[in-house]
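Same chain, two partners: chain A is paired with chain B first, then with chain C.
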Partner chain A sequence: MWYYEKKLQYPVKVSECNPRLAKYLIEQYGGADGELSAALRYLNQRYSIPDKVIGLLTDIGTEEFAHLEMIAAMVYKLTKDATPEQLKEAGLGAHYANHDHALFYHDAAGNPWTATYIQAKGDPIADLYEDIAAEEKARATYQWIINMSDDPCLNDSLKFLREREIVHSQRFREAVEILKQEQNRKHIF
Partner chain B sequence: MKPSREQLQLMEQIQQVDFALVELTLYLDTHPQDYNAIQQFNQLAAQSKQLKSQYEQQFGPLRQFGESFSSFPWSWNESPWPWQM
Partner chain C sequence: MNTPIKWYHPYASTADPCPPIEWKYYQTPPNLYLGFQPTGLPQYPLKEALYKGVLWPVLFDPYPTPIRGEDR
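Our next item is the complex of A and B:
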């Protein structure tokens, strides 16, 4: 089971109300390579992955939920004081019409989250290579958002998340090596 | 309700220690034989527990389902929640 902790993994501060930035950031909330996809992908793959890497998938999957909460905190803080007019100007008029100030799992262009973003192939190497690719895509997305953001407080938290993608990618690469070693060992009789 | 400066500072200390614990957990998942890392992990786990008990005495429970003790009245659902801090 899981325990909720009343704490963000890393502090989230924003300089000012900025719905335009929130519109881009929502990509990491309900987008293809976002944190929801990551958490659900790893926590689902772990049931059929070899025992040696179940712990890693469980722990990274759990950390992704902490990242999802950080993105939610960012979007919440960037939009909570925005008027409908400001939301409209920021390109969030369609979002406001459907959700008011609520968050929703969709990408920056408004496409709703779908399970087709993630895969579980049952083949450990295929699954782990997908996970490595997902981390690299998420890292790139954070970079593109940082490139468009002029909020130094927000960028501090985004840089933390960008670095986490790199660490996760490295750990998944090590997991591939661990499985390859296992496989080689089994061939020796 | 706005959190006090003191609450934010103690929270940040917890975030620092707990981040090291997350990082060590993932590292140990792929390097289970690293004795020094496990020693560091256990030291930080003790430090985290101590900081959280100090935080909870002043600012209320961090976890529920019995992972934190409760004062009277039940204060788990009191603000601020993490995104409000």
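Our next item is the complex of A and C:
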């Protein structure tokens, strides 16, 4: 089970109403390499992975939900006061027609989230390599969004999230090292 | 210390429709080089670590990468 802390992992501040940036940012909400995909991927893989790395998948999967919540707060703040006209100009006319100001799990191009974004092969090495790739792809996505964003407050939060991707990738790489160790031998780190 | 950016010079044809981008860059963050993290590495003060998103300077990778002196 989980306990919920009624605060964000890192503060989210937004300088100005900017629905176009929200349109790009939604990639990390409901995109293939977004936070929802990450959380569900790791928490689902836990059951069929060696005991030594289950805790890691639980911890990182849980943190991904904290990131998802930050992205949601960003998207909401960027769009909450936008008029239908502004949303239309930002390329969110179709989103408004379907969802009004509600958030929805789709990527920057409007493709709805699908379970085919996440894999569970059951092979521990295959699954952890996929997790490493997912972290690097999420890091790259944050870079591309930072490159397009001129909102310094928002970028501050995005840089924090990018750094977390690096730490997660590092931990998954260490998990691979643990699983590939020869058994019945002494190991010193 | 490993460099956080690598670059290459992609081929450009005189027949390309757009002005060529002469150098292409990509990030190579510290997790690619660290291996299994050793214990006892230096740590940031707690408050700074919470803002940076990481406890250990060895894994901190600012983005965009700050430009220093002659470094590209």
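Please note the rule applied: the second predicted complex is superposed on the first by the 181 of 189 C-alpha atoms of A that agree within 3 Å, B and C clash if a C-alpha of one lies under 4 Å from a C-alpha of the other, contacts with A are read in each partner's own complex, and residues count from 1 in each chain.
Quick note on the criterion: a contact is a pair of C-beta atoms (placed from the backbone, for glycine too) under 8 Å apart; a residue touches a chain by one contact, two chains touch by 3 or more.
On a predicted model such as this, the values are computed, not experimentally measured, just so you know.
Asker: Given the touch rule stated above, what does A:139 touch, chain B (first), chain C (second), both, or neither?
Answerer: Only chain C; A:139 stays clear of chain B.
Asker: Going by the contact rule set out at the top, does A:10 touch chain B (first), chain C (second), both, or neither?
Answerer: After superposing on A, A:10 lies in contact with both chain B and chain C.
Asker: Report for A:56: first if it touches chain B alone, second if chain C alone, otherwise both or neither.
Answerer: So A:56 only meets chain B here.
Asker: Just to be sure I read the superposition right, which of the two partners does A:159 touch: chain B = first, chain C = second, or both, or neither?
Answerer: second
Asker: Mind telling me which of the two, chain B or chain C, contacts the most residues of chain A?
Answerer: Answer, by number of touched residues of chain A: B.
Asker: Determine, under the contact definition given at the top, whether A:123 touches first (chain B), second (chain C), both, or neither.
Answerer: Once the two structures are laid over each other on A, A:123 reaches no partner at all.
Asker: Just chain B (first), just chain C (second), both, or neither: which does A:174 touch?
Answerer: both
Asker: Going by the contact rule set out at the top, does A:85 touch chain B (first), chain C (second), both, or neither?
Answerer: neither
Asker: Under the contact definition given at the top, report the residues of chain A touching chain B in one complex and chain C in the other.
Answerer: Residues common to the chain A contacts of chain C and of chain B are 10, 167, 174, listed in rising order.
Asker: Please output the residues of chain A touching chain B within their complex, sorted ascending.
Answerer: 1, 3-12, 53, 55-56, 59-60, 63, 69, 72-73, 76-77, 167-168, 171, 174-175, 178
Asker: Could you list, by residue number, the parts of chain C that touch chain A in their complex?
Answerer: Against chain A, the touching part of chain C is residues 27, 29-31, 34-39, 50-54, 59-64.
Asker: Provide the residue numbers of chain A that touch chain C in the complex, in ascending order.
Answerer: By the definition above, chain A touches chain C via 10, 139-140, 142-143, 146-147, 159-164, 166-167, 169-170, 173-174, 177, 189.
Asker: Would you tell me which residues of chain B are touching chain A in their complex?
Answerer: So the residues of chain B in touch with chain A come to 11-12, 14-15, 18-19, 22-23, 25-27, 29-31, 60-65, 67, 81-83, 85.
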